[in-house]
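Here the structure comes first, spelled out in structure tokens, and everything after it is commentary.
Chain naming follows the written order as A, B, C and D, and within any one chain the residues start at number 1.
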Amino acid sequence: MNGNDTLRAMKPVFVFALIGIVFMFAAPYALQLFTIINLTTAIALSVLALSLALVWGYGGILCFGQVAFFGLGAYAYTIAAINFGGSTWAILVAVLVAAAFAALLGYFVFFGRVSDVYLGVITLTVTLIFFSLIRRTSGPDYKIGNALIGGFNGVTSPPLNLPWNTSSFLFPEHVFYVAMAALILSYVFCGWLVNTRFGRVCAAIRENELRSELLGYDSRLYKLGIFTIAAGIAAIGGVLFCNGVGRITPDVFNLYNAALTIIWVIVGGRGTLIGPIAATFGLFYLTSALGGQSVLNNNLVLGIILIFFVLLVPKGVAPTVTDWFTKRRKPAHNSRRRRRQGRST
Amino acid sequence: MTLSRRDFVMGTSALALTAPATIARAQSDNINFASILDLSGGLDIYGAPMAETTRLAIEDINAAGGLLGREVELKMYDAQSTIQFYTQFATQAAAGDKAATVHAGITSASREAIRPTLARFKTLYFYNTQYEGGVCDYNNFCTGSTPAQTVAKVVPYAMNKWGKKVYIVAADYNYGQITAQWMQKFVADNGGETLDVEFFPLDVTNFGPTINKIQTAKPDMVISALVGGAHVSFYRQYAAAGMLKEIPIASTTFGVGNEQKLISAEEGNGIIASYGYFEGVDNSANKNFLARLEAKLGADRPVMNELAIRSYEGAMLWAEAVKAAGTIDREPVIEALRSGLSYDGPSGKVTIDSQTNHCSMNVYIGELANQEWNIVESFDNQPPADTQLVCDLNANPNQSTFLFENGLEAAGIK
Amino acid sequence: MSRKRDKREVIVETRNLAMHFGGVRAVDQVDFTLYDKELRCLIGPNGAGKSTFFKCLTGQLSPTSGEVIIRGQDTTLAETHEIASLGVGIKTQVPNLFDGLSVDENIWMSARRWKNSKRARSLTSETIERMNLGDMRRKTVNQLSHGQRQWVELGMVVAAEPWLVLLDEPAAGMTHEETARTAELIKEINTQAALIVVEHDMQFIRMISQQVTVFHEGQILMEDTMEAISKDRRAREVYLGSRA
Amino acid sequence: MDLVVAVLFQLVYGIASLALISLGLAIIFGMMRVINLAHGEFLMLGGYTVVVATNAGVNIWIAMLILAPAVVGLIGVIVERLLIRWLYGRMVDTLLATWGLSLLLIGLVTSIFGASTSTTISPPLGIIRIGDYSASGYELFLTGVTVVLFIGVWATLKLTKLGLVARGTMQNPEMSAALGVSNARIYMITFGLGAAVTGLAGGLLAPLTGVLPTIGATYIAKAFITVISGGASILAGTAAGSILLGGINGIFAFITGPTIGEVALLVSAIILLRLLPRGITGRFFRKFL
């Protein structure tokens, strides 16, 4: 594919990005202030979902611990921002720390040819190690620079400030714009990435690793690459998250959050990028709504959703809707091609 | 809309706050009272009774004709043991519901997540949980007991009874560590010796190795600041190893999640604990309260503990302040509270300490027998001495910090 | 074996190659030589070790002992992708395709490995023409028939423009016409590359064969032309006896 | 000397309890290649069975040894029929579906029993003296039960007709179907058996740890890691995994404290999987069951 082909394949990506931009500027006029502020958290989580959509949906890497990189990013940002006294470089540090850790872990597992379910177990285990370790770090002995890690209680995250202007902090309602912009940029980046040669090779490796090797592609390197990139994106989500919440605690690494990340991608659909983002917003709204009532237990509802999708909508919402839509519009042989385009959004 | 630099920065906040998002909600005449507690997830054993008493408090206020002639409406949110929901619901309660007051939080982490949000939206905040102390915030009233109030009483009592050598087991987080530090201080102050202090992550269930260590150390007693459902295993395993009859246990945390009901009578008999409330508190307000609770929830109502009672009393303190101020506006209500307001509740008389925005309260020592606490000693009107060491809102009201966040030493104690 | 061939470049060589699984000697002390532009068939009964030998050549298995040398490079312990990167095209016994991708995308994956984007595009089109797959280029490959899938895989091998091609049972499961067409393709490939073809369809081997190597119990029984082998008593006993 | 015995006893008990919580998961994984992420909740259900039954006046031994496995085994059979059987061969999907089941069960139990039910059952056995030290007799009993359970499972798989048929089916479903065995039934029974063993474990642990709807989360990661580290052999794998990881956990916990113990367990599991991607029994003890 040359540049033009990539751009053509990315058409749906731009359409969704445009919708996102419109939403970003319209939302403050249409929604209440608290909704705008709270949306920041949802956006942060959808960046996490996007990163898993990339690494699992496109890379075929069953990463049960994507939330580890998200949390690591949030912690790295918080600790760096406390030490630097400003957020600008801290964001970079967050992305680098998460990506570097992913590269290390990825080297360990991909070059050890650990595959499939075992990979899922290892990534989940790593997440739980973070959970245990960071909970252990209460008290003044555990500090990095000036920042105490805080153990179970977590750390207060410094708010974002204007680039290189450490005295102008952003208000939560303004962090919304930053978050929205970060989401749109990450989305376009991922949409571009999966349509490049690199992205296509990753998708091919997902389909058939041996064949890719037979063609001379070093699948380990490609997996390591997409794993590392996805970790960096997850870290951006983490930075936004701790800004939205104002605090980061080790609970971010717990089993429930690890499950939730998987659920977003399952519900949204593996092999799409916009699906998991949309699913995150939907489920975020749902879990928030569940918090305002006490009839239905939220674990119950989430469990039913997960089972329902695995059994009845295994492809997830976005691909199913696309399939249904194209079947109605073009019953001819073209439908396959359209579906594939749908997949690359 | 152009995003100029001006729009982004804090300087123009007041404008930005009100500018775009002004679609007014249908405002009813009710006064909104928001409660955010963990009613599901791992912390619901604490949150559920607190929610019940909060409901009862609002009912009582409305039954007495509401406040200022208006009805009080309870907006209750379940934070699902997740910090992000605290921030989220606090924002919603303050900016969306325009709540007159928000009573929220169980863990210190949850309180620290919402405190800045509510300070920003200038919404009065009550934290009704016993905790490690150290919050120094003009906008935030902490009604629960702190270690200096309870540990200071139970340690000498137990040492008198059992002996001078103490082994401390505590939950491994800020609360447990600070409480353990106070325990060590009071043990030393009373001429005792701390043999060892051990901390346990909140999900540990196997206490076998520790029980061996305790057997090796041979203390006169064990003082526990273990917290949460998993740590209940300690008491079971301790009793199962036959230790309870040899080396007794005192605690400042056992019972706060009604742990005495989670273990059997034999596993708990003789454990001593200290709180600002036990069901056996002998006053008419308490008897009346328990009777109404039972009428409302039936005989299988949750057992009342300090957390649940403070939730009730916190709401009542606020109601008293509103009556005194004659308005629900934040500033006058805070001033009314800080004028040394007191309320005679089920736990006895609680008085706001204006130096710290904490409460002076009665402290009780209870001994467990057949899953019930018998009050063996009580102390009237104990001040929040620990927070008083570091916080003075009278001298400097413009504060909003958690001074013990990084431990006692960082706050300059010891 | 005639000496005159030695003037041609040796491109594949194994020395004392052995692959043991537990106590089973699937490949045992094999010395094998392939010259440039040669087309060599490996035959032998089931379990003779030819597929194991093939996997040792392609890096799918690491030999227990011995050496594999491809164009002067020791590839004994090389990864599959490293061997492919030398310019070796490989087709495995079970069709190995990117099932969720279209014919076009499958072949593009191969072309794009070594060529720039523009060249890869044209090479993909050329290959699809060459393989006669034009009608189905937009179909995902899991919709294709078995024979068509084999050709797509051959197309992927060809599109990389290899100088050495290793094929494991390229005609398996094909109809007679498909087999004949595959034989044509292989001969065409042979104009530009050397080939090693593992096969046990004798008819197919007769269509393409020049030099044939017979495997038996993990060792090379003999190497000669198909005619000579057909006449050989030992070869007939171990293999042809049951088949020819 | 007494201390050594007491510590050793703790170590052995730690290993046994790890094996106990993992065995049911191992049966289902080893026989059916299904990783049951609702395993922790099966343990929790076993615990609730015992609590509810003893509160209703049933003898605690009957509740633990008979009711818990029976009830959870039955639940296992129902789960297999309604959920798992649609997903055979789709390992990742089963993983996800059982994860959903785990959330669902937590929610369901919370809704029914409330966040905290009175769990007033005590370990029914007294104490054992080891010189100056004492240990729980119940823990000794649990260690014994674990050994008996392993022998029982071994005997069932190795010596009974059912075990033979089950092992055959797992090796080659087509073949056993051709021999007239109902594969669906074998899968159902195997899953039920695994669930029953899990229920028994949960019931036995209930007096020590108490029960909460969310208690499964405490177990699942450990059980999961033990089984995966152990590899495909059900008994040898679980035993090897438990001994290695439980041993490391116990030693580190005694020297440094419980957190480092847990972390040491998890880290050694990762290193182990890097070195032996198919678990201990992927390399060693392959011939064992």
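By our rule, a contact is a pair of C-beta atoms (placed from the backbone, for glycine too) under 8 Å apart; a residue touches a chain by one contact, two chains touch by 3 or more.
No experiment lies behind these values; they were computed from the predicted model shown.
Averaging the CA coordinates per chain and comparing them to the mean over all protein CA atoms picks out A as nearest.
With centres taken as mean Cα positions, chain D sits 38 Å from chain B. Chain centres here are Cα means. That of chain C falls 49 Å from that of chain D. For this pair, chain A with chain D, the centres built from the Cα atoms lie 33 Å apart.
Chain A and chain C have centres, each the mean of its CA atoms, that are 43 Å apart.
Among all residues of chain A, those that touch two or more other chains are 132, 135-136, 256, 297-299. Of all residues in chain D, those that touch two or more other chains are 110, 217, 259, 262.
Shown are all chain pairs that touch, namely A-B, A-C, A-D, B-D. Put simply, chain D touches chain B in their complex at residues 3, 6-7, 10, 13-14, 17, 110, 114-116, 118-123, 126-127, 132-139, 207-210, 212, 214-215, 217-218, 250, 253-254, 257-259, 261-262. Touching chain A in their complex are the following residues of chain B: 1, 3, 5, 7-11, 13, 16-17, 20-21, 23, 25, 39-41, 76-85, 87-89, 91-92, 94-96, 107-109, 112-113, 116-117, 172-174, 176-177, 199, 201-202, 405-407, 409-410.
Contact residues of chain C toward chain A in the complex are 58-60, 79-82, 84-85, 90-92, 96-102, 105, 108-110, 112-114, 117-118, 121, 138-140, 143, 156, 160. The part of chain B that touches chain D in the complex is made up of residues 39-42, 44-45, 47-48, 172, 198-201, 203-206, 208-210, 212, 215-216, 229-230, 232-233, 236-237, 239-243, 257-258, 261-267, 371.
Here chain A touches chain D in the complex through residues 62, 108-109, 112-118, 120-122, 124-126, 128-129, 132-133, 135-136, 254-256, 259, 262-263, 266, 297-308, 310-311, 314, going by the rule given at the top.
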